[in-house]
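Each of the next two complexes has chain A plus one more chain, namely chain B in the first and chain C in the second.
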Partner chain A sequence: MKYSEITIRFCGIAGDGIVASGKIFAGACANIGLHVMVNNIYSAEIRGMGKSSATIRFSTSKLYSMGDGLDLLVGMEAKESIIDLRDVKEEGNVFYDTSTIGDVEEEDSLVSHITPEMQGHGLPIQKLANEATGTNQGKNLVTIGAICYFYSLPPEMFVDQIRSVFAHKGEHVIDVNIKAFNLGYEYFKEHYPLNNQFEFDKTSEPMALTSGNDAIAKGALDCGLKFYAGYPITPATKIMEIAAKELPKLGGWTLQMEDEIAAIGAVLGAWFAGKRAMTATSGPGLSLMCEMINLSVMAEIPTVIVNVQRGGPSTGLPTKVEQGDLNIALYGGAGDSPRVVMAPTDSEECYSGIQLAFDIAEKYQTPVIFLSDLFLGQRIETVTIKENIDRDRCTRKKPTSEQLEDFQRYQITDDGVSPLIVPGKPGAVFSTTGLEHSIKGNPNYEEEVHSMMTAKRFRKFESIVEDLPHAVILGDETADIGIAGWGSTIGSILEGMELAREQGVKTKLIKSIMIHPQRENLFRKFFASCKKIIVPEMNYQGQYAALLKSRYGIKPIEIHIPAVNPVSPLKIAQKIMEANSELSQ
Partner chain B sequence: MSFLSKQSVIDGLNKAKASKTKEWRDNLPTWCPGCGHFTGLHGLYEAAEKLKIPPKDFVVVSGIGCSGRFPFFIKGFGLHGLHGRAIPIATGIKVASPELTVVVVGGDGDGVGIGGGHFPHAARSNFNLTYILLDNSIYGLTKGQVSPTSPMGMKSGTSPYGNIARPLNPTTLALAYGATFVARTFSRERDMVSELITRAIQHKGFSFVHDLSPCVVFNKDVTYNSLNDVTVKLPDEHDTLNRSNAMSLAESTEPVYQGLFFKEEIPSFDDHVKQVKDGLED
Partner chain C sequence: MKHVIIGAGVAGITAARTIKELNSNAEVVVIGDELFLPYKRYLLTEFLCDSIQRDDLLFFSIKKLNELGVKLRKGEYVKSIEPSEKVIKLHHNEVVHYDKLLIATGGRPGLGLVLRPFKKHIHFYYSLYDTLILKEKLPEVHKCIVFGDGVSCLDLICVLHNLGKRVTYITRGERATFGLEEDDFEGDLHEFLEEKGIEIITEEQIVSVEESDQGYKVETIQQKTLTTDIVFAWDFYKPNISFIEGSAIEKKLGILVNTRLETSEKDIYSAGDCVEIYHPSIKGYWINFGLPNALEQGRVAGSNMSGQNEEYKTQEAIVFNLMGTSLKARWWR
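On to the complex of A and B.
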């Protein structure tokens, strides 16, 4: 068979080198110019027999999601792999370990569960690993060697990668891992005929690899981040670790605080002092931050909060994805409390979007909540990062010398934005407060003042729209079926649309990083041109659909997936087909 | 305690307007006449004047409560934030801009009640902040409920049968948390309050001033008179480098000592940060 795209899963338990397999595979693919996306799934427990899997999808063309189904399941451990057999495509392949078959009852062995629709291929994974490394390590490299031969991939792509991944561990480790790789390769060459061919352009340029979390951290550092305060939480911690390492080199600093309230408090303090600052958290942390978000709104102190969503509510599912924090991002907190909510749809938007978040926060003196999610945050993918971002598009509104003479921190203006000064500079001083206040910032509870100030705080959101990127419409503009989505679900939607197109059904998609505020005219025009509107998202309530319904008065077909895994493109395609058959009735 | 006459208030204001600290005075305080907090505020004015802190570099951060209003009465930058969260906000300001003088002002409910989780970490990190805790052993702004420093047995709106919990002692907490400057003052002693606040701001590292600052309206148990009976100055021979000795003196309730309990010169947070950054440049 000839392939231009393959999906492989390594399935085992913690300690099998699963994560390393994904890393080696991703690096090897990126180096030879293939598009690749890797999704690691692991349990919330660090030790013990926790399941660990790495799914690697690589292709000659751009990937938007993890797709559906596996071309190959590599069973490093029988019990967990048996469960994952359900994900193997028809005619798909399974590698199983022949050296451990006798260790378990027949019904517990992987090979006994392989159905006639699949093709099983045995190899002595553990035995070959022992032979290469003298330990139980190296099982992953044995299977990578076998895969390399199985799909007739060039061995150098992996050998080079092994050298670079294990470079810090010394020559011996590199040698034994290459040996393990070669043993797997040779075993397959000896025992199986070469039936498959992955075809690709061997002259492609290498591609950059990133995760969403890495892209957010890099984007923030590249646009002047000077201070980070946070509290460790899965799946956002990586952003803090990068900030902790890089900020001191750039004249900044990272503080690990005692809780998320302190983290966002310190971030507000740093912004008050005039420095770009951020924190990153997940649902439980965002819950704790709501009162500080209110203070940011009331005192008009800029803030950037990244929320890498995981399954909820409460401690929920720390290592599983869900888009359940839209409501708290939009509405969490007391009073009339407007804030900007953004949701990047892929790693490239994590990089550019976080920079927009900083610019909006600074210009409009508002909290910006940047909603990523576990899948987007942790998956590794090949990207083309555009670094030519206009640094002057948004600037802090500074007072004129006249305004400084009788400085009014909360001066009423047409766009709602008042001049802002920071400590340490001569000119004027002011005090601010979370209490309702006068134009000077002094506490004031008069009805006219409260109405005027509330209106001013909301007026900023009309002004922000001017600085927002336009939503984009993808797919076929003449289609009757329109889809609106947000965040990482967009990737699955795009692939679902492609599957529908292959069945002759045209669709279009409106995609925007902005959840609130939005350029509403574009959305209205888009919805008006649709006969059916579909809104898929990874939560039970349909939180984005609820927002769109109240904002635009639409009645969409909602797809609510309280997710633990990224959304299946096939599921989206099925809904599109259903909508299409309703249309033609 | 009787309230002050109208004339004495006017006289006081006129005196204030002419005072040498006028450069740091802003809005007139809104506290009840006789409130202990006037002394703390006066102390901060005097410290700012003595140390010639330019208002543009002076940042006062407060929480919520009667003490929370400090920023509005001081010419400088001010942030009246959230209940209990003044310390983390101040931390962000100071770490982002170490050249600023940052003073945190809070009350007993604010500092060892709702915000009690932040105090130890600021102290152990030795952030270069000054924290003034104005302790009136009552929730005054909500009109009289027991606080974490109220004595056992104290009756209040929310403890009608008497306070069952034992009071916290903020001075001993600061010592236990590793603060590098720990003092206790009583708002009846204006000069001592001013002097110790000044020295606290001068200190490089986390400095803590526990100011006993009676509420003359809602607290009938902890009063000027009751404190007057028990407060004494620390013995002259007290060694301010001896933390455990400071701890046992700070624990004493009869008498209640005032003065500088502890002071040590060790690298502050800013010094450590500088060291890390200098190392990266090599």
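On to the complex of A and C.
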């Protein structure tokens, strides 16, 4: 068979080198100019033997999602891999170990569950790994060697990558891993000589790799992040790890706090002191932060909160993806509490979007909640990020000298934005409180003051709109079927649209990093031009659809997927086809 | 009742179908080591020379297997049997329990001690896998050497010749007969092949095959050196039964069965090319290769495994079933 795109999953338990497999594959593909996306899934429990998988999709053209189905499942551990067989495509392949020790009962055997539509290939993974390394390690490299032969990939791409991934472990480790790779390669060459062809342009330029979490951290550092406070939580911890490593080099600070409330408190404090600051968390952490978000709204202290969403509610599904935190991001907290909500759709937008989040937060003295998700945050993908490094960036509305003379921290202005200073400026005295307050910041509960201040806080949002990037319309502008989506689901939508296009059905998509506020005119115009509107998202309630319905009065076809895995493009394509047949009736 | 069948060839699959037709509730699992869905081995030659498509080789589709409720496990090799425990063991150490077992593992070409060290330079022509590899290689091949016996060897020589290749046939015998009786043909087979341009080297034997600049260098027992682009060779064609070693199932060259196709071990049956069965005319056991036998034995074994009482009737003549008309139909027209 000839391929221009392949999806492979390594499935095993912690210790099988699953994550390293993804890393080696991603690096090897990126180095030879292939597009690649890697999604790691591991068990939430902190114990040695939990299930771990790495899915790698690589292609000669740009990838937007993990696609549908596996061309190859590498079952490093039989029991854990059985359930993943359901993801193998018809005529897909399964590699399994023929050298495990001890008898296996039929129901526990991966092989007994392989259907005739698929193709199983046995190889003595464990035995070859032992031969190469003298230990149980190296199983992953044996299978990578086999895969390399199986799809006629150039062995050098992996050998180079093994050298670089294991460079810090010394020559011996590099040598035994290359040996394991070669043994897997040779085994397949001898036993399954009839291989497949992955065809690609051998002169392509290498590509860069990143994850959404990496891109957020880098974007923040490049636009002047000076202080990070946080509490570790899956799947956001990586952002804190990068901040902890990089910020001190730039003269900044990272603090691990005792919990998320303390973390956001510290972040508000840093902003109050005039420093660009950020925290990153996930759903349970965002719940805890709600009261402090209200303080940010009321006291008009900027803040940036990244929420890498996972399955919820409560502790929920720590290592699975979901887009269930839109409502809490939009509405979580007491009172009339406006905030900006943004949702990047890919790693490039994680980088550029977080910089916009800082600029908006600082300029409009508002909390900005940046909704990424586990899939986007953790997946590794090839990207072309346009770097924008300006670490002295400042978008604060500073007071004029006249304003400083009689400083009104909460001055009523046309755009709702009042002058902001770092406390301690001689003469410019003000107080800051979570209580309703006067223009000077002193507590005040008068009806007119409350109305005036609430209106001012909301007025800022009319002004923000002017600064927002325009939504993008993708697909065929003449199509009758329009799709509105958000966050990482956009990738699956784009591929679903492509599948529908292959079936002759035209669609268009409105894509915006801004959830609230939005440039509404463009959305209205888009919706008015559609006969059918589809809103797919990864939550049970249809939280984005609800927002769009109330905001634009539309009646969309809603696809609610309380997800544990990224959305299937095929599922979206099916909905498009259904909508299309309804239209043609 | 769980019926396990080893071998997804025509005999095994026919038995599976028979069992399901007689008792749709029976659990039937067929385990075969080839990577493909059950196919018609006897049509490989047609496929090799493109007179049929790959789909035409299919003996049983997935749809048909599903309709019957037969579970096929392909690409899996059975490595041992323990009749006392009623289990078989697969190559990855999985243990499969059975109530009734059928061994229908067919036969395969093999190399003797002399040629075994050169295995990686030698091609067989037995399976779809061999044929697919061959199909990929053939455009680059001009000269071929074939060394072996049997009708499939003749089949191969003819197809290579028809594809425009220069064929040299090496045989231990004084003449090229392929184990066939010459009067089954109109005229003389040896001369017929030579007339077609096939070089025949008699009373010879290959002793080594090495890679060379121009493909392969072949040495013979008479110290001749030949060059070629590809070498096909096999010393014998024998039943695939090494996995029953140590199981107490009685065997000679093949698995010994009675006319009900029962082996010496209770609830274990055998059918097709892996079987040795008593032949009343020759008053001894023999392997009766060939498609019609395999089909019929598969049917009889399946029926007996389902509690019927059928006897397999051996053929009168000791000839390979293909030999007569079908061979003529395929090659001599």
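Note that the second predicted complex is superposed on the first by the 567 of 585 C-alpha atoms of A that agree within 3 Å, B and C clash if a C-alpha of one lies under 4 Å from a C-alpha of the other, contacts with A are read in each partner's own complex, and residues count from 1 in each chain.
Following the convention adopted for this analysis, a contact is a pair of C-beta atoms (placed from the backbone, for glycine too) under 8 Å apart; a residue touches a chain by one contact, two chains touch by 3 or more.
All figures in this text were calculated on a predicted structure; none of them were measured in a lab.
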>> Quick check on the superposition: with chain A as the shared anchor, is it clash or fit for chain B versus chain C?
In response: fit
>> Once both structures sit on chain A, report the angle chain B, chain A, chain C from C-alpha centres, rounded to the nearest 10 degrees.
In response: 140
> After lining up the shared chain so the two structures overlap, which partner does A:62 touch, if you call chain B first and chain C second: first, second, both or neither?
Replying inline: neither
> Which of the two partners, first being chain B and second being chain C, lies in contact with A:245: first, second, both, or neither?
Replying inline: neither
> Should A:295 be classified as contacting the first partner (chain B), the second (chain C), both, or neither?
Replying inline: first
> Counting only touches as set out at the top, which of chain B and chain C does A:117 meet: first, second, both, neither?
Replying inline: second
> For A:100, is the partner it touches chain B (first), chain C (second), both, or none of the two (neither)?
Replying inline: second
> chain B or chain C: which reaches more residues on chain A?
Replying inline: B
> Quick one: smallest Cα-Cα gap between chain B and chain C in the superposed arrangement, Å?
Replying inline: 54
> Do any residues of chain A touch both chain B and chain C, and if so, which are they?
Replying inline: none
> Considering the complex alone, what residue numbers of chain B touch chain A?
Replying inline: 26-27, 55-61, 69, 71-72, 74-82, 85, 87-97, 99-100, 117-118, 120-121, 273, 276-277, 280
> Tell me, which parts of chain C touch chain A in their complex?
Replying inline: 35, 37, 62, 65, 72-77, 89-97, 120, 129, 132-133, 136
>> Quick check: in the complex, which residue numbers of chain A touch chain C?
In response: 96-106, 109, 111-112, 114, 116-117, 119-122, 190, 193-194
> Of all residues in chain A, which touch chain B in the complex?
Replying inline: 226-227, 229, 248-249, 251, 253, 255, 257-259, 261-263, 265-275, 277, 291-292, 295, 299, 423-427, 429-435, 442-443
